[in-house]
Every structure is written in C-alpha cells, then in structure tokens.
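Alright, structures below, take your time with them.
In what comes next, subunit A is part of two complexes: it sits with subunit B in the first one and with subunit C in the second one.
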Partner chain A sequence: MDMNEKPKVEEKVEEKVENAQPVEENKPELPDTTEGKLVEVLLEKAPYAEGEVIRKRRVKFTVPAERIHEFLELASEKFEMLMQISVVDWLKEGQFEVNYQLWSLSESVHAFVKTRIPRDDAKLPTVMDIWPVAETYEREAHEFFGIIFEGNPRLGPFILEPREYEKHPLRKDFNTLSYAKTIYGEDFDRFDESKTNYVI
Partner chain B sequence: MQNGDVIHYELKEFQVFEPLFRWARKKSLWIVAFCTGCGGIEMPPLANARYDFERFGIMINPSPRMGDLFLITGYVTPKTLKRIIITYEMMQDPKYILAHGSCPINGGVYWDSYNVVKQLDKYIPIDVAIAGCMPRAEAVMDGITTIMKKIENGEADGWKRYRENYEWYRKNQDELFGEGWREKDARRWLAWI
Partner chain C sequence: MADLEVPKELKEEAKGHDMYLHPIDKDTYELFFGPQHMATENFSIILKMDGNRIERAIVNPGFLHRGFEKLSEHRPYFSNIALILRICVPESDVPENIYSMAVDEIVGWEVPDRAIWIRNVVLEMARMSSWLFWIMGFGNEIGLYTAGQWAAAYRERFMRLFEELTGGRVYHIYTVPGGVRRDIPGDKWLRQLRDTVEYIKSKMKDFDEILFDNYIMFERTEGVGVMDKKFALKHAVTGPNLRAVGVPYDVRKDDPYYLYDQLDFEVPILKEGDSLARTLVRRYEMEQDLYILEQLLDMGPPNGPHMVQDARLKALPRFKPPKGEAYAHVESTKGDFGAFVVSDGTHKPYRAHFRGPSQSHGVTVLEELLKGARLADVPVILKTLDNCPPDLDR
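Up next is the complex of A and B:
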C-alpha cells in the first residue's frame, strides 16, 4: 500500500430534496430613517459587514476580524468619535467579542461595531491611526483580557498591580475567590462557597 | 532612650491640662481630604446646609500634616492602600481613622474580588467603623459623634496602637505588597528621588 495514499472516506451522497426552494436571504429591512440610511450607505461600501438598526439612534454592525480596521476607517467618516472599546468573553464558544462604540457627531447616532476573535492568541490591529484615543482603551482591554493590539506601542502594565497583570482578571476562567484567598489570607470571614450564610 | 519616652515625658508635664487638650482636639477635627471609594459622595451632603459639620469644628483640609481625622470612605484596593498608609504616616499624632461602610470591615460586596482589601484593620488601626452599604449621612454624623466621645474619654488610641504594634502592621503590609514596596513606589511617584 502506498504510504502517501490518503485513507478513503466514504463520500456522503446528500439526498437532494425535491422542490427545494432557494432560501431567501432574510436580511433585516432597513427603515427609512437617518439611522437606516447611515447603515445602508456604509454597507454599500463594505459589503462584507452586516448591519442593522436596533432602535432610534442606535445601530449595530458585525464585521469579520480580518477586515475590522478597514471597516472602522470607512466608518470614521460618519462616526467621528470612538467612545469606548469593550470586550465580552464568550468562554464556551472560545471567543472574545470586541465592541467598538462609535458616536456620530453629525447625526447623533451611536454605533456598535462587533467583531469576534478566538480566545487563545487573541490579536487585533490597533486603531490608533484612526482615533489616537484608542490607545487607552486598547491598553485596558489588553490588561484585563490579554488581547494583543498589534501596533500599539504602549501595551503593558497600566492599571493593575504587576501580579494581577499576568492573570487577566476579567477573563471568565479567572477564579477570583481562590485568588483572593491566596492573596488576602483565608481569615476574612463571611466567605462561604455554598452561599447559605451569604451576607452583604 | 526610645522614641516613646520623650513623648511620655512631655505629656507628663502637662498632665493637668490633658482634659483641656482632649476637649480641644475633639472640637477641631480636621479631615484629610482623601476620600476613597463610594463613600466620598456622602461628603457634600455632610458639608452642606442640612448637616453642616463645620458647626462641630470639622473642616476639610488638603494637607495630611494638619489633619487629625482620616476618613476611609469605602472599599480599599492594594493600590489605594499604599497611598493611605503613606498619608497616614505623614499625619501628626494624635490621629484618628473613621472607616465607612462594610467594605473596609470585611470586603463588603467585593469580598471575593481580586483587588479589594478584606480587613483594613490588619494594615492600619481603625478607631470607629460604621457598618452599612453605604452609610447615610446621619450614620456618618453618628460615627463622628462617637469618635468625639472616644477622644474625650481617651479611648481613640489607634495612633498609639499603630506605634506600639508597628512590627505587626508592617509585617501584614509587607505580606500584601512585598518587601521594599515603600522605596519602590516612592521612586515611582516622586521622580526626583
């Protein structure tokens, strides 16, 4: 037997469903408002993103991580201000969700730009070249979650003590209780894991 | 001769006046304006027309070297604790500490948090602690009246305890921050050292 031969896998023959209707793309209809137009204009330039209007003055975009910088650069024409970068840790899915919160000064609309990256080896390009203020938010996200923003020159210990800096305390798999016990000693009362005597 | 002896000797001379001194101290508590945590927000109502603590001779004072009363107004993180300890040591004797809320007592709602100090009393001596989250301005007033009574009776002796048990407090502080934290941090805050 040839060693280089690949083991054959039985090919599954998919049964073709007769009368299969082409699935209609049920894209959310964009309303005919300022927000709807904003999203529409932006999506025309960036067809890889998804966008929707959540409510008045609030819109949401979902962008693949590889093109986030490109998208934000486009978005910064209408959304001039970066308000915050926040991170959500989806532990079971093994992903971080990074939210860029933008504010449009001209239209008074608040936009969320969401992107997902894998938890281990989390990397994103920096957006400091678009909004210099991103430096602070990126340092914070780096410190609390361990995301590396490539191109940010000041990533490093910032708010936390050095011993916490290595642990990334806002990750969901960081056990705060056992950490507190080792640092502050076990003699502080009122810790009770069963929460039967849970008092505040 | 030790440090303590000098002070004892000095005080002995004026022992007759001691009640007068205590009364005077009680009537002029100056607060070190360094409010940590949520409780700092109770200070404006305390100082305003409704409670107006200035009628008791209490005043907010920007310098630790002229302050008597140190308010720890809420949760304390290791980072603030370093500053608190250094500010406390800068203050002149006698000095008193009033701790607001459950956080300094046992961690409060943050009792399983990675960066809230669980027992403040291990690191600096507290004279009066007010329970509750957060204590209302009335409770703080009550705490201040209690500390005044304690000063008059000579029971507010945190500063003496700190001096006598300095080794113990120092040991606890070093355990939390690591040895040599004073020098290391002082160099970071005061660039010219």
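Up next is the complex of A and C:
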C-alpha cells in the first residue's frame, strides 16, 4: 500500500510548488507527514500565519495578535480541544508571548499557537465562544499576568487573595522577596537581600 | 437562632466576590461548601440553594495556592523536582515525569532504556496507588467505608515498594531529567511488586462486591451529574471523565511515551456520561493498569545505566540546558497532565507551566454539573469528576 501511495503524493506536491513558486520561495518546506499536511491545509486558509513542524505530533503556528481569534476559529475545526493558555513574559523585549495549546483528537497532534502582545497594553479577544473552557485559562492568565481578555465576563480575583490581585505575581518584574517583606514585615528581617545565596 | 452580626468590611468584600453572606430571599439561601468539608479537599464551592436543590454554584479555589510556577523560576532545574511533585499529591510521580520529559526534550537527551522501563513502572504504580486512594475517598463519600479502608490498606503495599525504591513514601523525588535518581534495589523488589500486583488482582472481586456492584453505589450515582460528548469536548475534559462520554482519548495510545506503544492494553469507554459511568470506567482502568504492570514485569528491566552519561551532570546546580521549549504530557488518573517548560539558556527555567486536568473539569464543568443537583450529590459529583484542587491552585 505504502509503495503505491507515495509517488502520487509527491506528484501533487510538485505541481503545487510549480504553480506557486514566486510566493512560497522564503517559506520552509513542510515534511510529507500528517503533521506537515495539517499545517499546510491550515496555512492555505490563513496565509497571514506562519507554521512549522517541530517533531512528530508537535506543530507550531505564529499568528499576529489582531487575527488570533480568526485563526483559532479556523484551527478549531481540526483541533477540537484547547488544552491550556500559557503566557511567557519576555521582559527584555517588552512583550508577552501567549501560547494557545491545542490538541487534535482526530489527528493526534499537539499545536502551539503563539502570538505576541506588548506588555504595557496587553489585550486580546476572548476565545470563550470557540472553547468555553478558555474562561478558566483566561482568568488565570489575567490574574497572574494582567492580560485583559475582552469579552470574558469573569475576569477578577480567582485563585489569589484580593490584595494580591493587582500585583500580577508571575510577571518577571514582580519581586517575590520584597513583596513578602512588605506583607510579613518583621518576620522577614532574618533574610538579607544582598546575599545571592538565597533562592527565594 | 439570633441573627449574627457580620462586620461591614467583610460584607463588602464578600459582595465584591459575588457572595452575600446572608439569606438572599425567603426561599433561597447561600451555603458555603468547603474548604473544611472532607469531600472538597482544600477547595470551596459557594452554593445558592433553593430548598434541597442547587440553583447556582460558584467555584472558589485558592485555599491551597503555593505559587509553584513562580518558585520554580527561582530554582535550578534539578532542585525543581522536589517542588513541583507536590502539585498532585496522590500521584506525585506524574509532575516529576512530565517535567523531566520536557527538560529531556529541550536538552536533547536520549534517556537510557533501563531508565525508561523504571519510569514506566513507577508511573503505573503511581496510577494504581492513586486509584486506590480515589476508592478510599469515593467509598467514604457514599458511606461505604469498608471499601475505603481496604483500599487504603492495599495502597500501603505500594507505599512500601516506593519507599524501598526511592526513599520516600508519598513524595519520591525519583524521576529526574536524564533518567532516574537511583537503580532498582534488586530482584527481591521486583518479586515483591509482582506479588503486590497479583494480590490486588485477587482483591478486585471483593471491591466489585462491596463497591462497584453495590446497590448503594448504583442508587447514588446513576443519572447524577450527566455530561454529554459535545459539552465534554468543548470544555477539554480529559481522562476517565472523557472516556465516560464515549471518546476513547488516552495519551498513552494517542501520543505514546515510554514503552506504551509496545504494551497491550485497552482503553475502556462508556457512553452514559453520568457519575456511574465515570466510576465504572475507573474500575475497568484499574484492571488494565494491573495488566500493564504484569506485562512490564514479564519484559524485565533492560541492562544498562539508569542515567544519561553526560559530563554536565557533575555540576548539577549550574547545569544549563540550551535555549528552547517543550511540552510533555502523560495520562494521569485525573486526565491529561501536561508541562510546558521554556529555557532561556540559564540554569533556571524561564517559565514552567503545568496543565492540571482539574483546571478544565474543576471549574466551569463542575459549576454546570452542580446546577439542579441535590445537596447530597455534591460530594458524589466532586469525587466522580476526581477533582484534585492542587492541580488547579498549584
């Protein structure tokens, strides 16, 4: 079966490359696997995004923040589940990297959908209308990083105490030690901030 | 009973959280369920009750938050193991394993065969002891205490095996990036493990008689907390809860790690989606886990080192992986448990984010399932969803 199928697929790929050569010159070639095809199909519908295959069952997309909702709506056809929204704070670049982690039940592929937003104006549209579970993840990201997900009605204190709510403790410029000192005061006198040995 | 005066500040703070601290009107009232209630395990639910029925439920987590993600950014890669395994207490090997798998991928280490075999056995032992722990909690919730006490006693056997293998009973600090911390104690340990597996296999019949095939269990769980397939997928419910609505998603089959692609096991599914289906799926999975452990023991540990041979491992605190990121996930008894680790080339992780399975089924799903349920069903729904608050709070 495999022997018979392979040449057909190669022919198809060659045809496509011939037709679209001037546009796709800079784009890296996608491998001829399930993952590669999945990325190719999605990128055809969404030419503004970039996609690549990391390894078997792992793919990655980079999407501009303005079109993230549109892209995730397209992606939700193949990727049925939103597993997590993880935020990485790139302090030096002044940006938040928001990773939407999707899982495709039908193809067994895990996808990162990455987008970057400025730290001082961190706003994104909510994806609750696509996956209702996003509510929880967005509440978490909002509380720990201060990203505002427009359209999510439940943004507010969630896991942390109300006094910690406006602080956004998972940002890289949040100083855990000095915060603990202001809250616990005298109990923290035995710690010396100038020492580098402390791991807190 | 005289009306208790609630301080004004407390009232205002409560109002900000959508709570009122007093009867809302003549028929409805507010009930705080947890965090001190046995069934909720450091978790609180605010219930708006109409008589015996729940009108609305608001999940109120945060009684456990220990900030592991922030703390892990301040510790070297290998020190983090002792920290993050506390995320999921009943099966502490799961966070260890996913974190180690992600770091392995960033560094590009190929873990030796012997370490992979040991890790796989440890993961399955953790799953087994976690099922027994779950039976303990679930049995207690529905009043079948005997089953719970048996389960606790059988779990003790796994605890002892873990103690001999790792030195710890609950927190093992055993799986580290690059392999496992030390080798198997010897053939005697393997024989003891086989004995334990056979012993628990023989006791499954007793569990059936007293718990899974019990009239009380059926009365309490049938038709309670029903979820449908579309709802479960949209809410990214994973693990036995998803399999109870008829979706055969199991990380061990769909994204095989370690030796699972060489092992022969089934993914049990049921279609009803109620508490009974969730309970029975768990019971079938216990059987499969015992079968997997038997197969692994038949396979036997391959010869070779139990750690990657790498010169960088000699100076552990200053060990620096290259820049990169990785996501690893395994099937835990609660669902799909994942870790996302980002390295910026220094000796500490730049970011470590964990996907606890309870994050998806512990907040919105729980709130939806509790709507219209009776007060007595709250522990049953909580326990059959297998909500683990530390997954959510971290």
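Convention: the second predicted complex is superposed on the first by the 159 of 200 C-alpha atoms of A that agree within 3 Å, B and C clash if a C-alpha of one lies under 4 Å from a C-alpha of the other, contacts with A are read in each partner's own complex, and residues count from 1 in each chain.
FYI, contacts are C-beta pairs under 8 Å (C-beta built on N, C-alpha and C of every residue); 3 or more make two chains touch, one makes a residue touch a chain.
Because the structure is predicted, anything quoted here is derived from the model rather than measured.
Peer 1: Touch check for A:179: first (subunit B), second (subunit C), both, or neither?
Peer 2: Only subunit B; A:179 stays clear of subunit C.
Peer 1: Determine, under the contact definition given at the top, whether A:33 touches first (subunit B), second (subunit C), both, or neither.
Peer 2: A:33: touches no partner chain.
Peer 1: Check the residue A:105 against both partner chains and state whether it touches subunit B (first), subunit C (second), both, or neither.
Peer 2: second
Peer 1: With the two complexes superposed on chain A, say which partner A:57 touches: subunit B (first), subunit C (second), both, or neither.
Peer 2: A:57: touches subunit C, not subunit B.
Peer 1: Determine, for the superposed model, which of the two partners subunit B and subunit C contacts more residues of subunit A.
Peer 2: C
Peer 1: Identify the overlap between the subunit B-contacting and the subunit C-contacting residues of subunit A.
Peer 2: Common interface on subunit A, subunit B vs subunit C: 160-161, 169, 174, 176, 200.
Peer 1: Name, in rising order, each residue of subunit A that touches subunit B in their complex.
Peer 2: For this pair, the touching residues of subunit A are 160-161, 164, 167, 169, 174, 176-177, 179-180, 183-185, 187-191, 200.
Peer 1: Quick one: in the complex, what on subunit C touches subunit A?
Peer 2: Of all residues in subunit C, those touching subunit A are 13, 16-17, 61-62, 65, 67, 69-71, 74-75, 79, 233-236, 238, 247, 249, 254-255, 327, 329, 336, 338, 340, 342, 350-351, 353, 355, 359-360, 363-365, 392-393.
Peer 1: Along subunit B, where are the residues that touch subunit A in the complex?
Peer 2: Residues 78-79, 102, 106-109, 111-115, 117-119, 133, 176.
Peer 1: Any idea which subunit A residues touch subunit C in the complex?
Peer 2: 57-58, 80-84, 86-89, 99, 101, 103, 105, 108, 110, 112, 131-133, 135-137, 140, 144, 157-162, 169-170, 174, 176, 199-200
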